[in-house]
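Take a look at the structures below.
First chain A sits with chain B, and in the next complex the same chain sits with chain C.
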Partner chain A sequence: MIDLTDIHVDGPAGPLLRKTSLSLAAGERVGIVGESGSGKTLLALSMMGMVSDQLTVGGAISVEGRDMTNAVEADWRHLRARRLSMVFQEPMSALNPLRRVGDTVAAPLIRHQGYTREQARARALSLFEETGITDPERRLSQYPHQLSGGQRQRVLIALALACDPALLIADEPTSALDAEVALRITDLLVRLSRERNMALLFISHDLAAVSRTTERIIVMYGGDIMETGPTRAIMQAPHHPYTKGLLAARPKLWAPILSTHGKRRLPTIPGSVPPPQDLPRGCRFAGRCPVEMAHCATERPALIHTATGTAACHRQTADGAGGQS
Partner chain B sequence: MRRLPVNLLIGGVLVALVVAAAMLSVIWTPHPYAAMDIPNKFAPPSPAHWLGTDQLGRDLVSQLMVAAGNSMMVALLAVSIGAVLGTILGMVAAARGGWTEEAIMRLSDLGFAFPTLLFAIMLAAAFGPSLTVVVVAIAFINIPTFARVARAAARQVWHRDYVYAARAAGMNRFAISRDHILPNIAAPVIVQATIEFAVAILTEAALSYLGLGAQPPAPSWGRMLSEAQTLMYLAPQLAIWPGLCIFIAVLGFGLLGDGLRDLSDPRLGQRRSHD
Partner chain C sequence: MSQTQGTAHPILSVEQVTRRYRLPRTTLFGEAPVLTAVKGISFSIGIGETLGIVGESGSGKSTLARLVMGFEQPDEGVVRFDGYDLARLTPAAFRIARRGFQMVFQDPNGSLDPRRTVGWSIAEPLRAQSVPLSEHPARVAEVLEQVGLRPDYAKRFPHEFSGGQRQRIAIARAIVMRPRLLVADEAVSALDVSVQAQILNLLMDLQDELGLAIMFISHDLAVISSICDRMIVMRHGEVLEEGPVPTVISAPRHAYTQALLSAARLED
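Up next is the complex of A and B:
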């Protein structure tokens, strides 16, 4: 239902998102995984037409067959009011502290669906029920500070569902929440996606949450796609060294007990993400990659097919095994 | 509960005093303010005339009270008009950005270049001196001030997450400005309005002193001051009392504005540290 072709975003200091192509089918659940600054949010914002004016967006984008490449703000607003929706990371700051949450959810209904105040209130109430908000009747007239983090995130999901979107983008919806609340929110998103046949783009740096939620994963690093593939295949047999590093860095429940030689440290990917202007010109992961080759830092690897998906790694072309070492 | 700032308390008491006197003057004054009693001129304070009488035997307390009402009315009208128009312009500038913002802000720079007194003199020359001229002059001069305050505050609010959430829900700039921006910039605008209120009282007094404002017999602190000037050696109290009134009103609103700012700033600081 949404197709991005060669989408790229450039900032004043250089490219922030490299040419990226991506398609989502109706009702499909796709995850984007990556560290901070990997371009996940930028990719999501470009799908909403909400990239800051200071950045330039290039490439083609079409939503449900409608070409949005040269669309103006009014066209995007039309889509955001009806087909596209987004839930943001911080439920604490994503609600206006001076507005009753019921009014916040009712506003787009009144504006876009032509509801009366009473109809909008009734619809907001049913949305609150659908998103599992406790005591929904009373919540309608409460202010954000009276709600817990999980309840606020549910309100934001209700707001995003108000227009019956065909695509819901959830940008790290659980990062600010407790583990247990986060689990409930991810399950809620999956349930809503199934029940409404709504495509879900789940953005997170939490691999466990993404694997629970999605059918397909896109791994991003430094504003570039590293690897794509079905969730199960990626979790079990990653091809790209970056994905392997990410998976190895997951805490394992039994590791401390099973470990025979005393304390074991959690494996990490050495180094940290360089600022956008210092990223290598070739593969973005060069410099931190354990299986780097001489031309990795200068030549950008193409996304090539693996057994299950695609990966952008010179090792793939070199030995066809995704940098087995 | 946190203790209220001292300046807020003092300012509040002074403002309450002035406003109470002004409101009371509408229904009751000790004497009719314009009633002359020539044989009884320059009377010292007495139970009948609490602060005595002026050169025409008019009761000083009554005049000061009615003058307070005039002063409040001028300041209220002028600051309200300036605040509403300025805030709207500032919000439009922040919402639209680009050349619209540039045009509005450069025009308001131009507005800042006009000294209030000069502008009022120009208006008075064209339309004749009156309190209306004073209101228009002060309101006009206030527009750019409020445009700047509103735009600066609104620009910050436009980058808040809940504005992004509203945009993601397809709300347009007008609806976002009304529902999200305005309530969240109200605090700095109100603080500014209180401070501008003090400035407006002073400006009205200055213009009336120059004879551009309230026309006789309408009493005004500024005009009472200028009439008392020639009698300074004969009856200094005629200049002291209106001067004191101006002082109390300006100080009161100034302290109140400062106090309101103190009240809203630390709270903003707290909110930031929670993020």
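Up next is the complex of A and C:
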């Protein structure tokens, strides 16, 4: 459905997203997990042709067989109005506070798809029903401030679905919501992806939310892919030391029951993410990695196959080749 | 002062506290509706203890924090710090009592002035409490080390630090008066997973070193269960359940707690 080949983004101070290749099949649900500065949003924006002019993008991209590598803004706008959609974290700032939410959803239908006002309103109503908005008829004529956070996020999802996209990119769609509401939003995204055979790219720093939503996970750090694999395999048996550290650092519900004696401390990844210009030339995780080797900081590891997916780690190569582990 | 040790004398006790807010009128001549954010809540925190308060937005947990900090007065009930009713202290006495309890917020930027060095911001409580100026540099350096930062960072500005480092600085500011109670309202919610673990460990380290009591407010059950001794589950301004963390987690009595737990379990 969408293919990225050697896509990379450079800023004035150096690379922000290293050469990365990635494909999504129709209807596939893929998660990108990473902390601040990992490049996960930049990767998503490059799929939408929305990377800032201040940055340079390289590499090839094709959407549904159409080469978008040298596409101009008008081509991208055409594609975004029809095949690609995005939902953001903050539902309040993405909605016009002075506009009834029904009108917000109807507007692109009138503009891009030639609907009449009545047709657009009927379509907006059915989208509100599809996204589980309560009392949809009445909601159409309400303003954003009259809706709860969860209902607003549903309106944004309805808006994103208005053009029947082949790919929906959801960037931290649940981070501003309560746990219970977040759970229902992720369930909704999964259901919509299944029913519409729509690819879903779910971007989050929240491993739990991503694991509930996706079939495949891409773990990013410092503008580079660390590991990819089926969601279950990544969550249960990660290969990359960064993924292992990230999973271990999550507070777990049952931890205090297991360690009622002695000091309770969470496992941590030592240090902090360096600013982009100070990231090591080799593996981005060098300097914080518990199993680092001499050449890790200077040589970038390639993504190589593991039992279940791929991992970019010199340890994988060393242990695999030597046959000892 | 009743500075006896042990949990028999709680550092904080909240007794039958109620707080109401008048909402904007919905009709021109109608009565303004009243929202009862906190309804007759009671609990206490022992010296050096960590109490977790879990609840969703709108449950009243942040109102509770403001009442405990004395930012607001309860409509009914009493908040006692170290045995003293905060509402009945004279302003001068309140100022002295205020040294004993400090707060850490979700957004560290709120407590750091972007145009001032972090050392200046950390020393703000010292100035407010008229601690002699000559002591400030040493006190600032001491707390910076306690939160795992270099003492010379005092000369830098907030924008030079990452989100996690800024939260460390906000914690340094909160402990510079050597408080006995720290109120942390969603203090790790905005942080990345690996940074969150570091800050939670820091809070536990400080508790061991300084004998701090912590009132830890969060919507995240897994975070609460990792660091708290006891916990309270709140909803719609009321306490639904209270107990030691292992008990509440393994045998929740209230249906709402069970629902929260099953949502959190799904995530593992």
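Here is the rule we use: the second predicted complex is superposed on the first by the 317 of 325 C-alpha atoms of A that agree within 3 Å, B and C clash if a C-alpha of one lies under 4 Å from a C-alpha of the other, contacts with A are read in each partner's own complex, and residues count from 1 in each chain.
One rule holds for everything that comes next: a contact is a pair of C-beta atoms (placed from the backbone, for glycine too) under 8 Å apart; a residue touches a chain by one contact, two chains touch by 3 or more.
Just so it is clear, the model here is predicted, and its values are computed rather than measured.
Student: Looking at A:V210 after the superposition, I want to know if it touches chain B, chain C, both of them or none. Which is it: first, second, both, neither?
Tutor: Neither partner.
Student: May I ask you to decide whether A:D53 touches chain B, chain C, both, or neither, giving the answer as first, second, both or neither?
Tutor: first
Student: Where does A:E180 make contact in the superposed view: on chain B (first), on chain C (second), on both, or on neither?
Tutor: Once the two structures are laid over each other on A, A:E180 reaches chain C alone.
Student: In the superposed arrangement, which partner chain does A:R99 touch: chain B (first), chain C (second), both, or neither?
Tutor: After superposition on chain A, A:R99 lies in contact with chain B alone.
Student: Could you tell me if A:L279 is touching chain B, chain C, both of them or neither one (first, second, both, neither)?
Tutor: Touch status of A:L279: no partner.
Student: Between chain B (first) and chain C (second), which does A:M86 come into contact with in this model arrangement: first, second, both, or neither?
Tutor: In the superposed model, A:M86 contacts chain B only, not chain C.
Student: Counting only touches as set out at the top, which of chain B and chain C does A:K252 meet: first, second, both, neither?
Tutor: second
Student: Per the contact definition in the header, classify A:L266: touching chain B only (first), chain C only (second), both, or neither.
Tutor: second
Student: Please identify the positions on chain A that touch both chain B and chain C, taking each partner from its own complex.
Tutor: none
Student: Which of the residues in chain A end up touching chain C in this complex?
Tutor: So the residues of chain A in touch with chain C come to 35-36, 149, 178-180, 183, 205-209, 211-212, 245-246, 249-257, 260, 263-269, 272-273.
Student: Chain A touches which residues of chain B in the complex?
Tutor: Those residues of chain B that touch chain A are 97, 160-162, 164-172, 175, 179-180, 183-184, 271, 274-275.
Student: Once bound in the complex, which stretches of chain C touch chain A?
Tutor: Chain C reaches chain A through residues 56-57, 162-165, 192-198, 200-201, 204, 208, 219-223, 225-227, 245-246, 249-250, 259-261, 263-268.
Student: Residues of chain A touching chain B in their complex?
Tutor: 48, 50, 53, 77-82, 84-86, 88-90, 92-99, 103-104, 107-108, 111-112, 156, 159-160, 162-163
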